[in-house]
Amino acid sequence: MFAWKLVLEAIGMLIYATFIGFIFMGIERKAMARIQRRIGPPIYQPIIDTLKLLGKKESVSHGFIYDFGPVFALGASITALLFIPMGNFQLFSNNADLIVVAYLLEVPMLGIMLGAMSSGNPYSGLGVQRGLLTMVAMQLPYGLAIIALVQHWGTFKLSQLVALQQLQGWSITVPALALAFIVFDIVFQALLGLEPFDIITAPAEISMGPMVEYGGKQAAILFTQHAIQLFAETAFFAVLFLGGASNLLDLFLKQLLVLFIAIFVASIYPRFTIDQAAKFFWKWPTIIGIVAVLLTM
Amino acid sequence: MVSILKRSLAVIMLLIIGYWLAQGLSGIPFGQDKMLVGKYYLDNVIRQTGAINAVTAVVVNYRGFDTLGEVTVLFIASTGVGALLWAKRRERTAKTEGSIVLKTGIRLLTPFVILFGAYIFIHGHLTPGGGFPGGATIATAFLLLYMAYTMYEIPRRAFENTEGVAGMSYVIVALIGLAIGGYFLFDWIWQTWHFGVNNVGRILSGGFIPVIYTIIGIKVGTELSGIIDNMLREEVRE
Amino acid sequence: MNLLMVMLFAPLIAGFLAWLLDFKVIREVIGIIGASIPIGVLAYYYSTVTSESITYSLTVGGFTLGFHLTMLTWYFAVIASIVGIAMAFGMASTSKSSYDWLFALISFTGVLGVFLSSDFVGFFLFWELMTFGSFMMVLKRNRHESLKYFVLSIIGAYSMLVAIGIIYAKTGALDFNTVQKALRLDAMVGSISRGETALIYTLFLITFGVKAGAVPLHVWAPGAYSENDQSYTAFFSGALSKAGVYGFVLLYILMGAKLYTALGVFNNHLVFAYILAWIGAITVVVASFLAVLQEDIRKLFAYSSVGQVGYILLGLGIGTGLGFAGALFHVLSHAIFKSLFWLVTAAIILRTGKTRFEDLGGLAEKMPITFTMGLIAVLSLAGIPPMAGFASKWLLYEAAISAHMPLVAGAIFLGSGLAFAYVVRFLYAVWFGQRPSDLDDVKEAPLPLLIGMVILAIPNLVFGIAPGLVTGYFNRLFGDTIVGGNYFRLVTPTGTYNALLVTVILIFGLSIAGLIYIYGAKTRKIPVINTYQSGNPVTEEYNLSMRKNFYRPLAEALGFWLKYSWDRFYERLANLTEDFADWLREGFYNGNAQSYSWYLTIVLLILALWGVL
Amino acid sequence: MISAYYFGAISLVLIGLYAVLVKKNVLKMLIGLSIMETGVNLLLVSIGYIYGRSAPILSEGIGPNQAVDPIPQALVLTAIVIGVATTAMALSVAIILYQKYGTLNVEEIRRLRG
Amino acid sequence: MNVQYASLLIAIPLITAFFVPLMKGLGEKAIKTYVLIITAIQAGIATWVFEEVYTTGKPIIVMAGGWRPPVGIDLYIGPFAALFVLIVALVSFLMAVFNFRAVKVEPIDKYAMLFLLLMLGATGMIATGDIFNLFVFMEITAITAYALTAYNKTGEAAEASLKYMVLGGIGSSFFLIGVALIYGATGTLNMAQIAQLAGNINPTVAQVALALVIFGLAVEAELFPLNAWAPDAYQAAPHPVTAMFSAFVVKAGIYALARILYLMSAVGTWKNILHLLIAMATLTVIVAEFSALRQRNVKRMIAYSSVSQVGLIGLAFALGTQAGVDAGVFQMINHAIIKVLLFLGVGYVAVQLGGAEIENFRGLGKRMPLTALGVTVGSMSAVGIPLFNIFWSKLRIILATVDAGYAWAAALVLGASVVEAVYYFRLVHAIWFTGEGERLRESAPLVAIMLLLIAIIVAIGIYPNYAWSLSQKAGNDIFNVAQYIKNVPLMGVGA
């Protein structure tokens, strides 16, 4: 029998996530502007941008892979999204656990890079390089934070994680996991591509890096992908450390909290260079991560 | 300094080794009767070989294999010396003739020395001596000739051939033993033919010992002469 | 004639025939036939082997060489055979020399023999044969690299020989069954001391470590893998390095109990396994970092191979059933994706004649099929679901974390990040970006090579979507449900992964994205170099694609560590050895007859002192 | 206490060996070797000696019980010949050496080394 | 047929060697052909003896002069001796073929005699059953070897010969002292009887005697540090002779060593001697391998390799176990084969290209491919690669060594073997992958010999059963002293 309910839920969640994701993007810009004492665009601005891009009459392409990249990225983001338990919607999260989701969240990057690389633009290449190096750099603390979490709760299943946190208190209330939380939060800046780790796009240096060549519908797809990715990642964070959520509102608040922390951090710090970022990640976050991991053993 | 150190080190080492050897030898009392196989030889030598000289009986008959080897060793030495000192043309380079005493004495004595050598090896089974001493004595004669005359050279080719033939004869005698008695180096003259059974202690006895000793004597004589000859001639370059 | 023997010696004989009948097409045909016999025989035996093991024995030189086809050995043999046949197809395109065929197929037989042997003599014999064959392949191309490989291999082989000797001395047996029983018994009795057990373990560690390329014994691998016919390297790195892994598995089977009682536990981990896990983890990290920094396509994959085998060792070192399942699965997936990589590399080198990233670029348009194959390999290696590479890696994660080896698991995280980095670099530098003008007339790879690639690409997809095929086999192998679920769904005590569902949803996601794309505005294709450049012109003359020193910042960040190199360490060691040899030779054989007589006297003195004191 | 014959034999062997070890001249070393051989031969003969007995020639008045052991004497005969052969070989080698190297100093005859 | 005809093994080379002076004028070719024929005959007789011994399973006891041991000297041609006499004859035959190419220095007639006598000496050493007779044959071998070493009449040759002579002289003197002591203590020279009486000897005497005898033989057997003469002699000797040195002269020495060692196993200090020999053998391997590492002269390099392999044999024999002895014999056979091949190949290269320096081997694969193949197969076999014969014997030796409790020795030996692998590797690489050159014509008979030897190497490598069973029988012959004593028909003198 085919689980129609699940499919409908999934499609609904997808629409919801896209919308909220765009709103998050708007909030990000708005909040950033307010901190910098600017007025900033309205929070629905990203939606308008995206629609405008989609409506462009003609867009250029450098070949099949160039087109395929964004499509692949969006598809992968959707996939990742649908395996995360969202409040009272479990979606497909019984079929894939933490590791799978963590991996799926990285896949879109590959798509973006594929597309970026297939244009001959040197800035894209540079962006790809920076993106990969950031990923390499953050991978170790990221992994340690996840390991600490899993060791503490003894399960990889996201739904089970949520249930356990509902029962025994949020992850951050556990001292060791609080350390893991700190680590994860630092990594999270890089995951979202925000300062001080916005080396990938670095608008002032390499003109948005991987995205430099994109315009028209490809850019629109990438924006959509970004929105979904933002939603998925904040939800992932909430699920891991903030006790998940019992309903979508709860989830939304927690996501917002996570987002605001990220925005505040981003607006305080300047950008690292890539080797500084690597050295940074391999020093304090890693050490804290190891401590956390050892505490949970 | 180093030399003294080396010498004293050598002396110390050798003394320790010597002490060790002496310690070993002290387990073999000197002058005591320790014979085992030797006793058997002494008891049976006359009956089994017809020789009264037990040593030569042992050398030629009981332990004939050793002697065959011994002959071979000498043959190798002569061949080896010949091989090493070989050159396209060689001549004697001695400058001074022997004194008149030497020359005259040699002229008189050579036949007797050779004769004496022959005597020694023919009587090998009766008296101390045998093929090797006899051969050596004969070689002495040639050595004396070399000393006396700067131009003297042995008939090289003939000597080498004799040497070979003598060696072959020895092996042939041994092989005849194999053919007649079924054993290599078998004393067919004594044990199969019983030649000279009544003659023990006289010259015509002792089985093949005198035969072999004669062969050995000739061989050793020519070989040693050959060695002397080889060593005394030097290479001449045109 | 026994089928087992046919299968074992078919490649060898085919190799000799190919060598003798050195005619152009016949050689290739014979080689391919020889290389495909094993997989046929193994397929034939599949149903038998799942219920009982097939054995056969030969008596050679007073030794009984036993062979057994059990579920475990079948698994390894199948992997080797798949890679072997792909190699044969690849070599039909890339290799023009009967020499290559001879030694490649010799090493094929060697690998099969190693997997099938059921006693130490046969194991050692085929081990040497395999080493020899592969060594000759390198020797032809590079003296220095082959020497490195050779010396390390020989050290490994001889370590094994000593270990075998000790085991023989202690148990009086050479066949695995008896040895296993004896050692299990000894685990209780304890007549083999702790030190001896540790010694045997260390010796085997060296042996298998060399072959598997574990740090710090990996130095041969980059050179040997790259200075080779790349089609053969597919086998070399895909199957031959697995012999080392198999060795470790064997170590568990034969000595597990003994090692446990002798070496004890540390922090709830078996000490011997823990050591292995750490070796694996270090290998993963070191080799992956080095792979990222390579500038040569072959070197990159060589280091990558080393790193990936590190995962396998790590999995074995975890010591739980899950760890084993992960490691064994990774044996399969590494074999198929890495061999695929090597065949792709072979195609690139065959068609362009270039190996350095700076000389390549923009080939995706010219060699689309090869590119697709390369992409499949990239996805699999980077562990993108739903590829075979992800399934095995997933098992390793689960195993490492649930076995409470957090730091080791951290190495996996770091390693996979690095793996992602280097494969993308490969994609970028070879396939994308501006194409150097001298590569404009590059053609698609030849047909046999493509066949070889397809042979390897299919399992990547099949076992990716249906990983349960493999884990189900493991469950039967272990006689226990290690990984539950069905063909598509893996269930461990702590996690789940439904490969089919992930695939379906990915397709779903892609179709949504695709719909957006299709219903968007129409596109106009423009040349690759027609890009936004902030004023820098991109022309044929100015190639602005960043290929050289792609990861320079990483190298800067790692500056301190890169000062040290195992390679240089070994070079220095070798030089010291040679100097020592000279010193010994000149010192002892000094040419003076008198000194020689002193030696004699000294020996006499020793004898004397012995006697006197 | 060991007998004087043994003592003499061992001394000869050691003196010969000393010459080989210390003397630089090849000829002197060869002489040393010869002395060693002599010592060994002496040792062989003295081992066969029995107090109060005469040579093993069984003619008038000497029966099997009055003779010494014949074997060592036979052996010595062989050993002497072997010694002679060795010496002859050695001397011819020395001749070549002198021709080729112009010296007999053993420390300078060292072209083959290492 | 009367088994006493086995004495022809000694008689034929002797009588034919004595015959050579008579054919002096016939020219070089004739004499070489003569040697070839003689060695062929010898090989025929050896084959007959071999057949006889292995089909009846009983050793042939040749009693010289019809005297039963211990009164007379006996030749004991047991499984080991039969096998090795055959090998000696066959190797000599092959080298007699090689003579045509390799030996140009005059006087050929003397060379022919020495050649035959070297064969005789080794045969005698292997066959004899009397310890003093062993000494005599040893001296025959040694003096022939001295002469042959210096045969090229260069300065180096003479120098090598001198070293050999000095060391050999010291060794044989002390050997003779040992024999004297044994005789003094037992009153007999027959090996079987000595073995019977060995237990009753005064322990001090026994210790000294055994030590001295072993010392003397160890010089011939090239054990470290008594082997300093060996590389020089190998390098300087004419090429066929080098092959013979390596293939059987040193083997005869090491066999004699093993034989006496096991005969005297009743002696109290026997174990100590074993330990010493193991240490010496291990050092032999190590020092020789390291010395070969940077050798520029290939002939010398292979000489060092030969020394090390002999050290390995020595190690196997010194273990004091049946397995060790069997393995040692196996290695002796295999080593003889490969060293003949190697020295033949290297010698041929040296003859053709004017020297055995490594430079001459560059591009050999293109210039003389078949010779190069021979050298390569020999090298690979020496390293111990499977499908070649040495693999099996090396494996056996290592297993036996560890089994006897000397894992450290096995480890050291194997460590040194790594070095061996390196220098052979360099040689093979130089042959095939460097240099260029025109193809030269290769002599058909020599190529045929090399191919034959390669075939044997590979045959044993693939199917070692026959060779191994031979080795086991031969090894048992050495190890099983009780059987040896029983086989010798001792008459009841004394004992």
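Side notes on the structure shown:
Just so it is clear, A, B, C, D and E label the chains in written order, and each chain counts residues from 1 on its own.
Assume contacts are C-beta pairs under 8 Å (C-beta built on N, C-alpha and C of every residue); 3 or more make two chains touch, one makes a residue touch a chain.
Keep in mind the model is a prediction, meaning the values are calculated, not measured.
Note on connectivity: the fewest steps through touching chains from subunit A to subunit E is 2. Minimum number of contact steps separating subunit A from subunit C: 1. Judged by contacting C-beta pairs, the busier of the interfaces D-E and B-D is B-D. Our note on geometry: subunit C versus subunit E, Cα centroid distance of 44 Å, whole angstroms. Centre-to-centre spacing of subunit C and subunit D amounts to 67 Å, using the average Cα coordinate of each chain.
In terms of their C-alpha centroids, the spacing between subunit B and subunit C amounts to 73 Å. The distance from the centre of subunit A to the centre of subunit D, each centre being the mean of the chain's C-alpha atoms, comes to 98 Å.
Contact with two or more other chains is made by residues 10, 14, 17, 20-21, 23-26, 28, 34-35, 37-39, 41, 63, 66, 69-70, 73, 76-77, 80, 84 of subunit B. Contact with two or more other chains is made by residues 132, 136, 139, 143, 146-147, 150, 153, 158, 162-163, 166, 170, 177, 181, 184, 189, 204, 207-208, 231-232, 291 of subunit E.
Contact of a single residue of subunit C with at least two other chains is seen at positions 585, 589, 591, 593, 597, 601-602, 604, 607, 611. The full set of touching chain pairs reads A-C, B-C, B-D, B-E, C-D, C-E, D-E. Partner subunit D is touched in their complex by these residues of subunit B: 6-7, 10-11, 14-15, 17-18, 21-22, 25-26, 28, 30-35, 37-39, 41-43, 45-46, 52-55, 57-59, 63, 66-67, 69-70, 73-74, 76-78, 80-81, 84-85, 126-128, 130, 132, 201, 227, 230-231. Of all the residues in subunit B, the ones that touch subunit E in their complex are 20-21, 23-28, 34-41, 61-66, 68-70, 72-73, 75-77, 79-80, 82-84, 86, 88, 157, 160-161, 163-168, 171-172, 174-175, 177-178, 181-187, 191. The part of subunit C that touches subunit E in the complex is made up of residues 59-62, 121, 124-126, 128-129, 132, 139-140, 143, 146-147, 150-151, 154-155, 158-159, 161-162, 164-166, 168-169, 199, 577-578, 580-582, 584-585, 588-589, 591, 593, 595-597, 599-600, 602-604, 606-607, 610-611.
Every residue of subunit D that touches subunit E in the complex is listed here, in rising order: 13, 16-17, 20, 26, 29-30, 33, 36-37, 39-40, 43-44, 47, 71-72, 75, 78-79, 82, 85-86, 89-90, 93-94, 96-97, 100-101, 109-112, 114.
Residue ranges of subunit E in contact with subunit D, taken from their complex: 132, 136, 139, 143, 146-147, 150, 153-163, 165-166, 169-170, 173, 176-177, 180-181, 183-184, 189, 231-232, 235-236, 291, 295.
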